[in-house]
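The next block holds one structure in the form of structure tokens; read it before the comments.
Read from first to last, the chains carry the letters A, B and C; within each, the first residue is number 1.
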Amino acid sequence: MKRFAAGIVFLILILSLFSVSYAEDNKVLHWFIGGEITTMDTTKVYDTLSGEAVFLFADPLYRLDQNADPQPNLAVALPEISEDGTVYTITIRDDAKYANGDPVKAEDVVYAVQRVFDPAVGSQNSSVTGIKNRLAVRAGELPLEELGVKAVSDTVLEITLEAADPYFTKKLADTSYSPIPKAFAEEKGEGYALSADALLSAGPFILAGWTGTEISWSYVKNPYYWDADNVYFDEIIYQVVKDQNTALNLYEAGQLDGVNVSSDFIPLYEGQPDLTKISTLRMTNLEQNINQLQGDGSYTPHPILSNENIRKALFYGIDREELCTEVLNGAAAPAVGVIPNGIASSPDGQSVAESFGVQVYFDLDAAQAYLKKGLEELGVDSVKLRLVTSDTDESIKIGTYLQSEIQENLPGVIIDLANVPSSVRFAEMMGYHFDLALGGWTGDYDPTSYPNQFETSYEHNHAKWVSEELTGLISALNNEDGNDFEARWEHLKQANHYLIDNAVVIPLEQAVNGYLINPNLTGYITHQLGYSVFDLSRASFAE
Amino acid sequence: MAEKVLEVRRLSVSFDTYAGKVQAVRDISFELKRGETLALVGESGCGKSVTCRSIMGLLAKNAKVEGGEILFENRDLLKLSNSAMRSTRGGKIAMIFQDPMTSLDPTMKIGKQIAETVRLHKPVTRAAAKQRAVELLALVGIEEPEKRYHQYPHEFSGGQRQRIVIAIALAADPQILIADEPTTALDVTMQAQILDLIKEIQKKTGASVIFITHDLGVVANVADRVAVMYAGRIIEIGQADEVFYDPRHPYTWGLLASMPTLTTNDETLYAIPGTPPTLIDPAPGDAFAPRNPWALEADRLAEPPLFPVSDTHFAATWLLDERAPKIDPPESIVLRAQAFRKRQSERSASL
Amino acid sequence: MKRWSKYIGKRLFYMALTLLIIASATFFLMNVLPGTPYNNQDRLTAAQLEMLNKKYGFDQPLFQRYINYLKNILHGDFGISLQFSDQPVATLLSQRMGPSIQLGLQAVLFGTVVGVFLGVIAAMHQNKFLDVFCSLFAITGRSVPNFVVAVLLQLLFAITLNWLPIGLWNEGFRSTILPTLALSISPMAESCRFIRTEMVEVLSSDYIELARAKGMSEIRIAFSHGLRNALIPLITVLGPMTVSLMTGSLVVENIFAVPGIGEQFTKSILSNDYYTIMAVTILFSALLVAVIFLTDILYQIIDPRVRVEGAK
């Protein structure tokens, strides 16, 4: 009996060897992600990692192509927009199905968007903007039905905005606009999206093997997908690898088809076909607390940074080229202004840099002149400023560089460097009581979101800069300009210029992400902005 | 009965120390006969322990045997391989240690410690070894041996532990027992008991005993023959009676004189003045000379050989040389000798 | 038996009390942490923050939250993790704890066994080549951080020789070999040094001399008499060593992409994930407390001289 059992076990072992090789005949992509997923609920996604993770099983209304233009996806065509630009009518496919065969309906998209603003759901999503009544709904003042999203029929959707937004169609490419069947979600209740079987996919793949905390899971091709014919891979396996070295090793061993490469390692792969660099719209800025919050709740001007000449000295005293090429090894591009390059084109097709001009640059003489004037005005020989950064490798590098650069270029300025955990830095900035801070900002497709950071009433205006002029410009952009592209562009230009003229913030660089990607992989789309960097849904291996 | 069981011939042992080379044992020779008890007497550092460790092969790592032989069962123990020595050690020649409080492994049951010795030297089963251990415990006077087999050392008194140490030594039926000051750490009543035990065992098993001690009272109790050591040499050796009652070496005189007796009524005890030499690079001549009130010029120049006093009694002192001046031993010694002879004659008269 | 049950009962009570104090102290301390538990805090509006705080109950007064938390624990509800999409913390722990515990135990077991062995050899060859070698090894082991060892092992065995997987916990036992080795260097060095010191002392004891006089070989003496006595103090440090390995494995886990919980020790604090902080603290405190308790019991079983108070 024992020998018989042993024989069976032996047989199974032998067979399992074969099953492994059988699986290799499947078309499998091994992809990488830098950390665990914070959520698989499309309505709660707020970060890049989760954005990537949900993208493969979500089916948003539109998908962005390589030019970042929205293309119909679940929607059959670009939306019909009303005269005043506030009402969007969208028709969705009638052949879209969930992974269990159920048809996708317009009301499922409505339900999804309602979840984003439902206080009971508690989403941290901050990218779905513009929809009418969203703030009141989220604050619990209005019921969900009052949200400006309605299903007119099984296949027609109507979205009402508070003000015209020329970028709204692009924003519709967000996975938040992916359908969720209400009955299914309510049945799962609190457990919805907490595991693979608490999700119902309408997208090209179905999530498998995820129960909440895994560091490896997979996406299996969804046979019900309306575009299944164009989906190449049978399976995409995601692997969380937190250590850069290990990730690179796995890539080189062929166990991963794509990994990210940090600035330290980019030089190693320079010139190889595997290396892909993707510019992003993530700004890294040197933020200044110009008006400080005091203990009694009042604001007083910062003793040093309220002096415009000092600020301008700092602004022009930093060599951003050097920072990007030498310190960050090409993992960044010098900032051109407050609004990043590549986010949009001017009405006559020029890039931000071409149209606004490069307003941010290094001018040592000018900087030193500003410094001299500033010190005179303050009546001191030297000033000391504390620069707080996060304690990530990159932040420490940039912080250290800034310290030595400023102290060398602007003698008389002493920088006290503090590397602290992100939450500590954030708490300091939100306390509106600091000197200098290394901050990052990623807006959304509307360039307004960048200058908006410094609008007087905005919480994340860490500088606490007060300006009626800026508020006026932002208000015009949000409420008046509507779809008048020229007016918009003009106001954006003015806002950008205003902030630079007053040296409210010191833009440093725009991040460039490095990746090693299997040269055989084609058909993937990379995004500069938005939560998903890679759209792998139609990717394939060149045969 | 007079068969030789162990012979030490011209043994010399030195130690490599930081201070220099210490010659701990210098050219000593003696025999051990079957069934007899030989006492090795002397001050601390005279070389008695080193001698015994040489016999056991338990010398420290910095020790060097400079010369000599130790003959046992027709083999020179000094030339044996490690494994051959191991089978002799504990099996044929066993040792009893001085401090019973630290001689036993505190984490192992005492029964096992005995049984382990049995199994080391005899091919018996565990059960048989346990049986033997229990017998040995009974032999050495531990009550309820089956129960106490399973107990740990800390559950026994000092005297009992020493008995256990003796049991371990006896485990493999040794021919020679070396007892290294086995009663020094015990109180007087315990002492007596242990000494009685050793004598009893000797009678039962016919083993020979080398008894190391600095206590002459103990010697008187147990020894058949006595060897007195000083500074690494045997300076007097003979039958117990001979050495006690007719000592010839000034050092032996000093030793005996410093022993309090029932008739001693001086307020201060006599002690031999001075201290033994360090034995690093010893000076020529008799090592005892500096402290010897009866030292001759010759003592400073050359080491005296062992002069025979009788067939069995030898002493290494120039005083015995026929050219030496005749001197009398100290009074106490003379008195003791007289008293002894008187008793002897009374005894033989009463037979 | 009665003395044991009384003793155990008393100890269990004190263990529970200790855990309660630790948990409470952690709870109150953790509220001093700056920042919010919301990872997207850079972009949230004040209104959103308010809404979220209300949803998760963070707007309630501190003491009220404390009481609620304690009540929930008694029902087995450890709250939800904000890092992990509202997964119940209990799920998070049960899913991710396994690998860390496995690695910790394996590392301690392997490390201690090898370390003890090396320590005995070193003690037996005191001041000679083997001893010096072992001492050097011990010093190196304590000085070189385990992640350096991890990377070197990965480079040698996984990449150059291709004998073992680079990482990813997906090849069963083979995946555990390299991380275990990396983690075991520390207990190995510690045990080696410890045992060597103890053994040197033990080997100069009288009872070892007696064992020699019995005719036992040096090796046998070292392992059957010497080691028993030298091991006893080692047991005292083994427990905390194990726990510290389980909690300190974060970097090694990252390097080998092991789905463990080591990272949560620091990450939960850095991201203000309150419930995870509490659960992780309680878990490891419980482990430590339990291990100390077991050590005490083990002590009494192994060393016959130590006995429970109030016993015969």
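The working rule: contacts are C-beta pairs under 8 Å (C-beta built on N, C-alpha and C of every residue); 3 or more make two chains touch, one makes a residue touch a chain.
Small disclaimer: the values here were computed from a predicted structure and weren't measured.
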item	value
Relative to chain C, chain with the most remote C-alpha centre	B
Chain occupying the middle, per Cα centroid	C
Chain B-chain C separation of Cα centroids, rounded to whole Å	55
Rounded Å distance, chain A centre to chain C centre (Cα mean)	38
For chain A paired with chain B, centre-to-centre distance based on mean C-alpha positions, whole Å	92
Complex contact set, residues of chain C against chain A	33-36, 38-48, 50-52, 54-56, 83-87, 91-92, 95-96, 151, 154, 158-159, 166-170, 254-257, 259, 263, 270-272
Chain B residues touching chain C - in the complex, by the definition given at the top	56, 58, 83, 86-91, 94-95, 97, 99, 102-108, 116-117, 120-121, 152, 154, 165, 168-169, 171
For the chain A and chain C complex, residues of the former touching the latter	36-41, 44, 46-47, 50, 119-120, 122, 124-126, 135, 138-140, 190, 193-194, 211-216, 239-243, 245-246, 249-250, 252-253, 255, 421-424, 426-428, 430, 440, 459-460
Footprint of chain B on chain C - complex, ascending	205-207, 209-217, 225, 228-229, 232, 302-305
